[in-house]
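One structure is given here, and the rest of the page talks about it.
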Amino acid sequence: MTAVLEIAGLVRRFGGLTATDNVSLTVMPGEIHALIGPNGAGKSTLINQICGELRPDAGAVRLMGRDITAATVPERVALGLGRTFQVTSLLDEMTVRANIGMAVAAREGRTFRLWDRLAGRASVWAEADALLRGTALEPRAAVVVRDLSHGEKKQLELLVALARRPAVLLLDEPMAGLGHAESQEMIGRLAEVGRTTPMLLVEHDMDAVFALATRVSVLVYGRIIAQGSPDAIRNDPAVREAYLGAEDELA
Amino acid sequence: MSILLIEQALNGVQYGVTLFLLAAGLTLIFGIMGVINLAHGSLYMIGAYAGMYAAAETGSFWLGLPVALAAAAVAGLAVEALVIRRLYNRDHLDQVLATFALILMANQAIILMFGRQPIFTRLPAGFDGSVQLLPGLAYPTYRLLIIAVGLAVAAGLWLLINRTRVGMLVRAGATNRDMVRALGVDIRLLYTVVFGLGALLAGLAGYMAGPIGAVQVGMGEQILLATFVVVVVGGVGSIRGAFVAALILGVVDTMLRAFLPTLLRQVMTPAEADQLGIGIASMGIYLLMALVLLIRPRGLFATA
Amino acid sequence: MRAVILILAAAALLALPFAAQAAGQPALITLATRIAVYAIAAASLNFILGYGGMVSFGHAAFFGLGAYTVGVMFHHAGAGPMFGLIPGTTHLLVTIPLALAVSGLAAAAIGALSLRTGGVQFIMITLAFAQMLFFLFVSLTTYGGEDGLIIRRPNEFLGLNLRDRVTMYYVALGFAAAFFLILWRIVHSSFGAVIQGIRQNERRMAALGYAPYRYKLAAFVLSGMGCGLAGALMANVLRFTSPDLMHWTKSGELIVMVILGGLGSFFGPVFGAAAFLILETYLAGWSEHWPLALGAILLVIVLFTRGGVAGLIARIGGALQR
């Protein structure tokens, strides 16, 4: 079975600092692969290389067996790599519905048109409405993103990414800044999405990681120090020592 | 021919160091504060007018110099305190508009005070002659003075940036503004110092350029546009880039203007050659910029 | 409601020459013509500046190229073909498409290079390239060099006499109306939405799969063509063209018009152009040092208001209601 996403021997240096030190990992079909690590472990640097915002010094990124190391961000997206941003990054002056519509239109293509009417593209808006239906954002569809709460923006991040129907989804701390109830809701939502879409989940919230992940990788100082099932990671003494220090956090 | 070549090359270096004096300030101000200052050329003009006025009143070129520097620095600090300081967190468009407004005002204020006519100033005593550099090459001492001053300033800036605490902050500020703030440095003071220094250098360049060309309204914008090309080619934020680019562009511009029409005369009529030659020569540095952008979009010495 | 306002505005614009002549102010007709033409240029700039977030400080270059297209074609209609190959022409239906092509090609070249970087470099590079074209036309003595080129007869257009100021007004108005209709379609198209998305968040748009560069370049070219159209019309209004039309201060003035009208507001540039030209006309009549006052006004607007004249009026209105 080919991995949906494969990262092989990725290296990235900043001056004397090796932020990504020979990192390899895979996301298999049906898998939710969690990437955890303390602050400064190099998670953001790694994500940016997978998405194409940053070029690695060495190594390769493959999407469904295809080498995308040299591809640009939009090219990777078109090939099926979806992502959410840790600090929400949306079209702030557009409505919730329009944000999803722009994602749907991007997937449908035909956006280099000067003489159509975006508002009149029925297929785009039908799909945007379908994505919104049943979510907590449905009654907020006409609200401009600037006026959303943090939790709502986090939900929209996910919806926008799903609108592109990604083959694999990169989630950059989807729980960050969410309250307890919102977190529980997000976990449920991600579990649902995970049934159809494999994910690489970068997360600090250990509850979420152990509730969702089928496999966990631990990144410390740019290096993967352990990889395995959630239970194995939970009981790995090296992980406890190097990453957590305090034992109770993994409990 | 070779004597002429050397002479024009020296002229190019002289123009280049003048460009550097302006570009250094501009690139520092942008690199550290993230502000684009179109009115930098106005400081150059203010230095030239203030110094010229003082020199005419006192009869001494050298007494004009401190006045030029002080006027440009004071104008610069006033602009920083009253306008630029409000724009640090605004987008570039607001900065462009506000400093464009300053240009309009500065030019009119100068016209009100000194009129529209270009003013020609005399060379300072002791530097009004020329020296025999090579057999057959007598070169004006004043131009040599400008070259020397420009190189001295470049060396001074290098020392300042690489050997002092202020320089360390400047370097840190150019790469990471938040880090400097986190160090507990009074960033506002650093900004003021850098802006004042940039203004000082602009005033120096303006005053020294006075006797070579003419002191006139619009002199600032003319050289400012060439300075932009220097900053873009050198890489925004890089002093070293500004120095290298200023010298290259100064020499290229001067050489093209001096020799291109003559060269074209070999293949076409003199009238056509002059027209085409001057046309291409005046576009030369911009075409060079286009070339650099094709190869290195962020400039030769881009910092990031 | 909007339709009523549009109809009333159209009626007022159509009636303007009669009102001006009845009031004994025929100079107003020429002023209105210039406003219509500059509105086209400012709205073109607003398309990339207000909608697309690209701060071009070189748009006067395209305006000037449009004007020179008319001037140079007129020159060669009298003086024989350009390079012995390209015949001149005095027909508006030829010079306008030609002006669109010339300014579009120049915008493609300048845009392709300057859009390789962003932010402050983009501003400096557009400014520098515009200045390069300015120097080029200053050095072209065949076309009058620094002094410019006099166009003794305006272009021929459907048998109309463009020398007549009322006729020229209606022609300019017609072009402006068509232009704004087209612009309306583009702003509300898929392409227009992508351009606005790129301004709001370029990183997000890339993550949605849009490649920003080609959209921005296309918008830059369209915007340059709009300025070229305005320039070609202006050459017919002034019956003159000179490097001054592409001077860097003209680029600044176009930005000022956009700002005065309110960034990214569809009809804002019309009001911005009107405000600027009326201000210029009256300040210039009052003192030759009017740029001093203009600078001061601009500075106050930038430092103390947001959203241009429209925003200023809204704020004053808000303050009065309190």
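Labels for the chains are A, B and C, by order of writing; each one numbers its residues from 1.
As a working rule, a residue touches a chain if its C-beta (ideal position, glycine included) is under 8 Å from a C-beta of that chain, and two chains touch if they have at least 3 such contacts.
All figures in this text were calculated on a predicted structure; none of them were measured in a lab.
Annotation of chain A and chain B: jointly contacted by C, touch as defined at the top. Distance from each chain's C-alpha mean to the overall C-alpha mean is smallest for C. Per-chain Cα centroids separate chain A from chain B by 48 Å. In this assembly, the C-alpha centroid of chain B lies 31 Å from the C-alpha centroid of chain C.
Distance between chain A and chain C, defined via averaged C-alpha coordinates, is recorded as 44 Å. Across the complex, chain A meets chain C through its residues 51, 53, 72-75, 77-78, 83, 85, 89-94, 98, 102-103, 105-107, 110-119, 121, 160, 164. Residue ranges on chain B touching chain C, taken from their complex, read 30, 34, 36, 83, 86, 92-94, 96-98, 100-105, 107-109, 111-112, 221, 225, 228-229, 231-232, 236, 275, 278-279, 282-283, 286-287, 289-290, 293-294, 297-299. Partner chain A is touched in their complex by these residues of chain C: 185-186, 188-194, 196-197, 200-201, 203-211, 214-215, 218, 222. Listing the residues of chain C that touch chain B in their complex gives 49, 55, 57, 113-114, 116-117, 119-121, 123-125, 127-129, 131-132, 135-136, 138-142, 248, 252, 255-256, 259, 263, 289, 291-292, 294-296, 298-299, 302-303.
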